[in-house]
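Below, chain A partners chain B and then partners chain C, in two separate complexes.
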Partner chain A sequence: MIRQLLFLALILLLSGPAATRTLHVGPGQSYSSIRRALDAAGTGDRIIVHAGTYQECPVVIDRSITLSGYGLPILDAQGEREGVIIEADSVTVEGFEIRHTGYSYIEDRAGIRVKRNKAFTIRNNRLILTFFGIYLEHARSGVVENNAILGKPLGEANSGNGIHLWYCSEVDIRNNLIRGHRDGIYFEFATDSRIRNNISEDNLRYGLHFMFSNDDIYTGNTFRENGAGVAVMFSRRIRMLHNLFHLNWGQAAYGLLLKEIYDAEIRENTFQKNTIGIFTEGSNRIHYEDNDFLQNGWAVKVAGGCDQNTFIRNNFIGNSFDFAAIGNMSSNRIEQNFWGDYTGYDLDKDGTGDVPYRPVKLFNYIVDQTPETIILMRSLLVEILNFSEKVSPVLTPADVSDALPRMHRYGR
Partner chain B sequence: MLRIIRYSFADLIRSRWLYFYTGFYLVLTGALFLISADLSKVMVSLMNAILFIVPLVALLFGVMVQYYTREFTELLLAQPLPRRSIFLGQYLGIATALAMSFLLGAGIPFILSGIFLSGEIWNFSILLLSGVLLSYIFSALGYLLALMHDNRIRGFGLAIVIWLILAVIYDGLFLLGLAWFSDYPLERVAIGVTLFNPIDLARILILLKLDISALMGYTGAVFNRFLGTSTGMGLALVVLATWAIVPVTLIRTISLKKDF
Partner chain C sequence: MRTLLILFTLSILACSPGPQSIRYGEDACYFCKMTIVDQQHSAEAVTAKGKVYKFDAIECLVQYIIPLDEATFTHLLVADFDQPGSLIDARTASYLVSPNLPSPMGAFLNAFDNPNRSASVLHEQSGTLYSWDSLKENMASNSLMPR
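Take a look at the complex of A and B:
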């Protein structure tokens, strides 16, 4: 009987709230180093690290704890190590500044690495000059939020990705600022994840990059001045909503690059001042709806092998070229868009033009054949050529045509 | 010579046609602003108008003024004045009057729209500068034509032919050439060819400021590397100036020899 009571008491002691403790690290606190506090901590404990600079990277977290910085303590990796490595489930890392992992040609060194576990939370950190910022491998059900990941791009070979996912699922990435990496956010074999309200800018290659990743959604993000805004490749069922693709300029710059993707949805995005708003190749069953294409070089450029795509209710305003298409477009549907250059009329006043609009101009076609002819853009000759082609189309593809062009732009 | 410039300038300033010309730009630019509040869009539309109309009007004005002031010119020739200053004075008077009316007509709506508050002021000055240079170039060509041909119909006809060539036919041949030799790298050739046509050159100068995103492909990059830099820009301006200086020199030579 007494033994049973003792056993019960022991269970209560272990499972009760008294079991989680708070450990303080810092000058004048009970622990002088993070590593000591980690060794002493048990499951569910909270370690508070007070302001100061700590040169004990990599900080390896091998049990389920919360590691909080108080007053933005600095973890300095001194140019040759990783910052924090999470090796257990249910770990939270918040409020740190992690610096200087240095770059390496041999290993993908990261500011914060999550290895083969789940239910992690990484928030309110600043990562300065880390090679890879936050590196998630075989991780799932985690959150990455409110982090600022600021790098300094050197070249594609010696800069890493801001947030890197490799075989992950159900990860939430929100409200982060990512600047100066190779890819801002990189997804490879990452599924069922959400990317919300991030800003990704000044990255060498892509603001956001999907490879072999299915069923993800990104919404409300801003992609600005990257080599290309977003690249989605070899992926299925990606949803892209309410994003802003802005100022992605350069010789091979795109707002959004789609390659071999299927069943995607692109809705209510704004593409403004990109060299090419959307470039799509070999992508099928993509639904483009309610997007704004403003002041781009080319709004949409469709290369070969694109079938059963729908372009509906988009605004095309002030683009140098609205649409370029190579190859057969007959299985695609282009309908009810507003085209800034539309010159047709609407006799029955139903808001829909009575004459179909053909967004591919003759000059468009010529430029595709001989790129140098771009030098004749906006010359009188080109206007005359476009006009005569419009009157009696010969060269421009007949299957790229909007039968129901809108007379007024869609208000959003 | 200054007096002749002033006289010829004042003569044109009083002319109905010049009011009409200024009014045209006022209405055009004002209307563009009413239709669209987007400054850069207004500039693109205005660019089309400038490249189309400024050369044509300047050519015809050059021809016209030289023909219709022929008697007055002969009167001046009877005076103890150097020929150089009579003819150059007349030309400079016409060209300055045209450039001024263009500047006023296109400039006032822009200033009213608050161009000085926006970042577009540099692009806008390129636009105005191209218009002014084109005025000087083409009125010189027109004046020269009228001086060379006493037959008025031939003079006007040639003026229109020259305009057609530079505005349309040149580009047509250029386009054919580019398409024909498209297997070769043509970027440098294309830059060279544009230098020989003032309308094209002015267009590229403005485009590089306005429409740069579409030009930024590989070809665009080559152009931009050349014309986008201050050296390229300087060279373009020098070539445009040459386009004005050569006809003016010819005006001078011919006027010295011509028997009236």
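Take a look at the complex of A and C:
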């Protein structure tokens, strides 16, 4: 019996996993440099890099291996190179601190670059002052998770994007912290990807930015104190769920900017304390449902060319302006929202107000024509104007109206 | 008295119509609403009355200008690819559309003050060269924007 077991153990030892090895890099380990270990490694091997500072950037990975840092080793790019370049399928890079790629006008240097391959995993890394953080080009089916990507402090124009996707598909980006870049996360021609539970803050332009990207979803993210929260442009079928858009203040600042997008879904998000919660232009068939608009300058501003959009069951509370609309809104549906400023009554006690609510106020119309008049906000004159317009509407658009306004805010 | 004079001169100067410097990270593109951050691709138009329109990308300026009368603008300016942040005359600049040099709104459009430079970058990166007029023609026929 014992002999049989020993025999079995021997077979197991000799057969299956013999192909994959673990190589150790570091002071006093079998390899003194990452490059040497990479040269010696074969498919499926694991290289463990022990704590220390390594000045051998760029680390080019040209075979399918796992590169793991143990004790947060530092890869120092010394201000003039990229950190790690992945040039093979099925590569994992984890547990490194990558520093100082330096900034350049000529090349988009990255902390970690993935080039034309698939099945990559980039996790548990810290990227400090890299120009672009993680740069994925022509890559697919990969994961970017639990990384901290910390760039320059806010206000410096010359910075790259935290996580940059360029012609990618099926990428999962989750639980990352991105700070101090141009755009926190940037998608250009990136499809079928998921962005979950990230925090993107203090970025110069946008927390998250889509250009020409379709069929993506972002959910559970926080976008805080960016130049503007999120911009979705020239894209189709983007789903935006459970995100927080917070404190995006400034002249050109929006919680969410939508420009020429189609068939999107915006559900259960919170827009709080933004200059403009959502600005939308030339965007059709967008479904806005169960969102909270709290304490924004403008909750929703709809510019020209927006058709067949639906605003349903949203809370509008404490905004200076709930709704601004330029152009024909007749093909849009606005109903069953809760409007903090609604003063109607509910005689049949069914929870729905008996008179329609028109969220565009007269003063809104005046401010659009002459922005400087904003100084009269909250003055008696404006109150009188708004009131008289409410009693007998002349200038405010009749097609922006909620026929079924709710009497109580929706609990979430 | 002298201070007053200086102040007066300064105020007159401050009022004169002309190009304004772009506040990167603060100003928004008049055409596409995006915040302007890219110093290699920004652009500006100034009307005869002194109204200034700023753009985050050269393609935004071109698309804005196509349906309008160009003569009503005293300045049409684009960023020089080689000297980020410096604005040059759009009408005399040399333009390079190269698949290797992305621009903010997806047209891969870059401007150069020095035509020799655009030609040499063309040689390195491939692409097509345009003048201001041929650029407008191609943009109007919609052959330069994605989709």
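Here is the rule we use: the second predicted complex is superposed on the first by the 392 of 412 C-alpha atoms of A that agree within 3 Å, B and C clash if a C-alpha of one lies under 4 Å from a C-alpha of the other, contacts with A are read in each partner's own complex, and residues count from 1 in each chain.
FYI, a contact is a pair of C-beta atoms (placed from the backbone, for glycine too) under 8 Å apart; a residue touches a chain by one contact, two chains touch by 3 or more.
Not measured: the values here are computed from a predicted model.
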| item | value |
| --- | --- |
| Superposition on chain A - do chain B and chain C clash or fit | fit |
| Chain B versus chain C as contact partner of A:Gly250, first or second or both or neither | both |
| Partner chain in contact with A:Asp62 - chain B first, chain C second, else both or neither | neither |
| Touched partner set for A:Gly227, first chain B, second chain C, both or neither | second |
| Touched partner set for A:Phe212, first chain B, second chain C, both or neither | second |
| Which superposed partner A:Glu281 touches (first chain B, second chain C, both, neither) | second |
| Superposed model, chain A: greater residue contact from chain B or chain C | B |
| Chain B versus chain C as contact partner of A:Gln369, first or second or both or neither | first |
| Which superposed partner A:Tyr105 touches (first chain B, second chain C, both, neither) | second |
| Angle at chain A between chain B and chain C, C-alpha centres, nearest 10 degrees | 80 |
| Which of chain B and chain C A:Asp350 touches, first, second, both or neither | neither |
| Distance of closest approach, chain C and chain B, by C-alpha atoms in Å | 10 |
| On chain A, positions contacted by chain B and by chain C | 250-251 |
| For the chain B and chain A complex, residues of the former touching the latter | 38, 40-41, 44, 47-48, 51-52, 167-168, 171-172, 174-175, 178-179, 182, 186-187, 190-191, 194, 199-200, 203-204, 207, 211-221, 223 |
| Chain A residues touching chain B - in the complex, by the definition given at the top | 249-251, 253, 273-275, 295-298, 318, 320-321, 366, 369-384 |
| Contact set on chain A toward chain C in their complex | 105, 155, 157-158, 166, 182, 188, 204-206, 211-212, 227-228, 231, 233-234, 250-252, 257, 259, 279, 281 |
| Chain C - residues contacting chain A, complex | 24-28, 32-35, 37, 39-40, 84, 102, 105-106, 146-147 |
